[in-house]
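In what follows, structures are represented as structure tokens.
First chain A sits with chain B, and in the next complex the same chain sits with chain C.
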Partner chain A sequence: MSAFYRAVNWNRQKYIFDGLLAATVLGYLGLFISLSLGQDSNATLETALIRGLGSGALVLLTVILAVGPLARLDRRFVPLLYNRRHLGVAMFLLALGHASFAVIQFHALGDVNPVVSLLTGGADFHDPATFPFEWLGLAGLVILALMAATSHDFWLATLTAPVWKGLHMLVYPAYVVLVGHVALGSLQQPGPPLPTLLLIASAALVLGLQLFAGWRERGLDRQQASVAAEGWIAVCDASEIREGRARMALVSGERIAVFRYEGRISCVSNVCQHQNGPLGEGKIVDGCITCPWHGYQYLPDSGQSPPPFTEKIPTFNVRVIEGRVYVDPRPNLPGTRVEPALINPGGPRRSA
Partner chain B sequence: MTPLFASWFVWLTGGYLLLGLGFAIPFAFRLVNRLDPVAAHGTRPFRLLIIPGATLLWPLLLRRVLRRDTMPPTERTAHRNIQ
Partner chain C sequence: MDQHEDPFYVGYQPVAPKHLARETRTAVLGVIVMALGTGAALAWSAPREDPGVFEFGHPRQLIGRLQETPYPSLLVPADSERQRVYTRYLLVQPGKFGAQAATLGLDGQWVTVTGQRIARPGAEMLEITAPGIVPATEPDSALPQLGQTALGRRTYHGEVVDSKCWLGVMRPATGNVHRGCAYRCLSGGIPPLLMTRNPEGRTEHLLLTDADGRQAHQRFKGLVGRPVTVSGPVFQEGDLLVMRVEQMGLGK
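Entry: the complex of A and B
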């Protein structure tokens, strides 16, 4: 969080992450180019570089798409999620390098505008052997450019998180067209079909992870919270919530997060105002609900970010009766303070 | 794609981006301060970083500048829509 915008909110973890990322990318490129030149006597440095940049971008994109479901299945992957934007921008730069070198190598040597040359090359959509796979690459690159250009938090605030997320969901169609781009490009080259097989395996892995994580999430929303008197909803027993953690439930069309802390219970909307991250998967840090994605914080009783920050999320009225937690399904205005419910009204408060 | 259509496509796209860049530079260094109080104190690298996005999305931003918006819009979620 920051009270004003910087290009990047650098911290030690981000320096280490970006250093490792740069070293991995450079190592991959070096290895790919060395192996390409060593194994194929006809390969040129330019061709090896173009293929290295393109394959590196696709590997990174595969990792990016796998990180989301992996973080949901195993919390040890959350640090990768935290830095996913850096992965995304690095992936775009690799893809841009691939496209730029390819256009220079194959389309810039004539007297026609290189992009016009790219678009007017012999196109036969009915035959995979001559299908203009470059068009798929161009379409994917345009989407990646839009995503990279709007990756800063300023765009989240300007577009609002739901619109921004919708825009960035275009990564899935981008992945589909880029897999098509690489598969067709690979099939149109002489040689063994190993790259295509690896590509199909990685796409199947991404699809399988996404489906499995989605199936697990759907199970959570299917757990019915029972409706009690006056329309209040019985969510769970207070004893089922770990100290400083939350229990989530689907209420009024969206998830709520019921937090237990210092002998009290508070309830907020589960949706972080930053990137709509799942607050209920976070924990209380320094007295604040802390989003697991990027560390945005909210006071549990009011849903307000601590000053000088201005983010606010809706809160819910909450009661604890005989150890059971009840929530009023009507959300309060974002930032509305609600008196926390005491777990043991007569007993002492416990500090975290 | 015919060469004529491809040429028009390239010229129109280039024109859109050129207009966008012409808008994005003053937007990043001056106009953005009116739309978002948090951006008003933004650093210079931040302003450089938003130029590509402003170049692509300039019609949306221009509309907000002309409407004299002073705050970013509020997001819509199920819980916020009920209120």
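Entry: the complex of A and C
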């Protein structure tokens, strides 16, 4: 567990990101409401708001879930990952607004408390037409609330990485129940098939991207790490790795990243301690392996974050023989220093 | 290697390498356009032109004769030019409450009611607002004595709705999305209506009572928001159709 969490720097990019996010969200609501009210003189603002907030939250959730695999497939989407939790918090606020207005509209000013009414009002599981879709929405909202409340890295440090990651993997069950909420709620109403088609398309996008990105990485894993000699595994030629960059491979079921920098080779686990980002797609910046997702850093020889940070990743013993890189597939304990292998043992060694 | 040949950017760096920034801008723009397009398409596909009316914030005062059964209503004599002799306004309270308490003991009396009109073709309602119901003197244009005509036993398919939302307060006021609300409304005493379509496709409304002609909103609340079939003798009372429900079931 880290003794510190990394202070979030509010730089210009972040303001641009948040500004753009706020403008898009407000633009979405403005567009949705003005179209709803404009095309129907009898339409009411409350209903337009409920629909706009709810659909906006689901669209944003779809984007959030699509950005992960998209970033693995196309580097243009990587910068979106850095501030993804801002998308998450914005999405939660939209969902909360949707739920609040819906509870007020449908359950307030009655003969029982609105929340009691929400939970008891005619719940009937026998028939999709009367399934209490509100319960699914509430379950999704509770998960989103948990994630939004713990989105700050303070909680990542406090809860420990595995617990935090487990918690935030709940976004997938949340997505499933929210799709169910819409399918059993609003889509049960008579009307044009477009909303149904859009929901199917969004679910297909999320699922398809996840599967495709996973399949692509499986292919990558298979193609590498084939030759074994005395238990050590030949990964690639040192010359195939660009300076300051890495080559990823799968050894003994674990993803590794082999970095080349200043005439040396080091090998660490490919999995970032922060949120499992792919370190092998990162770069050596200021002498540290830098994760492409949020920029956590590790020293290449020891897998330790530079002080004052305390994250550690496993390292692997590595050798270079006649320009070929060999890795011992048994990981060292996280943070164990391993002497980097020299690419040209006889040649001049560049200073660090 | 410098940033230009091998661009790498992490969000906490103050500036992104130029062409990486440009590529990302395209990606972001694409995402935004898709999101806004989805919203526009969804808003566009919303059901439109529901004929319900709710004159929220514009109360009117009506003089008429109160009738407590089967559900509270006010019979207002019509202008003499019109063919109809009176207009019936079902009465409800603000929120999800019927007007049973407010009209208790006033059956047959002439009163002035202040309220906000809720209406749909063929049905009128008044949501009582302050100062509520006050006694009035009987006007010259008297009301006819209303008798009931028995139309015989009938079976209808349709949906049980809470009359207040359905007649104009909410859109949508049917189906699963509105089920929780309709349940609450009936629970609070709002008169239950059967919304049904006649063979010509026009919407008809029947006020539902129990088999003895008494109020039965509590009995119908579990049936809201789904297709139902109801059977029983139907009575016409002026412009009002009332069914004394003897049998009810789910589905068509």
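The working rule: the second predicted complex is superposed on the first by the 326 of 352 C-alpha atoms of A that agree within 3 Å, B and C clash if a C-alpha of one lies under 4 Å from a C-alpha of the other, contacts with A are read in each partner's own complex, and residues count from 1 in each chain.
Keep this in mind: a contact is a pair of C-beta atoms (placed from the backbone, for glycine too) under 8 Å apart; a residue touches a chain by one contact, two chains touch by 3 or more.
Keep in mind it's a predicted model, so treat the numbers as computed, not measured.
Superposition of the two structures on chain A leaves chain B and chain C fitting side by side, clash-free. Computed from Cα centres after superposition, the angle at chain A between chain B and chain C reads 80 degrees (steps of 10). Once the two complexes are overlaid on the shared chain, A:160 sits against chain B while remaining clear of chain C.
Contact with chain B, but none with chain C, is seen for A:333 once the two complexes are overlaid on the shared chain. Touched residues of chain A, counted separately for chain B and chain C, are more numerous for C. Contact with neither chain B nor chain C is seen for A:287 once the two complexes are overlaid on the shared chain. Legend: residue contacts after superposition of the two complexes on their common chain; A:59 is shown touching chain C, with no touch to chain B.
In the superposed model, A:134 makes contact with chain C only, not with chain B. In the superposition on chain A, contact of A:115 is made with chain B only, not with chain C. Taken over all C-alpha pairs, chain B and chain C come no nearer than 12 Å in the superposed arrangement. In the superposition on chain A, the residues of chain A contacted by chain B and by chain C overlap at 112.
Residues 1-3, 6-7, 9-10, 32, 35-36, 38-43, 45-46, 48-50, 52-53, 55-57, 61, 72-80, 82-83 of chain B are the ones touching chain A in the complex. Looking at the complex, you find that chain A touches chain C at residues 9, 11-14, 17, 20, 24, 27-28, 31-33, 35-36, 39-44, 47-48, 51-52, 55-56, 59-60, 63, 74-80, 82-83, 105-112, 117-118, 121-122, 124, 127, 129-134, 184-186, 188-192, 194-195, 198, 242-245, 282-283, 285, 290-295.
Within the complex, the chain C residues that touch chain A are 1, 6, 8-16, 20, 23-24, 26-28, 31-32, 35-36, 38-53, 94-97, 170-172, 174-185, 187-188, 221-222, 224-227, 250.
Put simply, chain A touches chain B in their complex at residues 3-8, 112-113, 115-116, 119-120, 123, 145-146, 148-150, 152, 154-155, 157-158, 160-163, 252-254, 256, 269, 271, 273, 276, 310, 314, 330-334.
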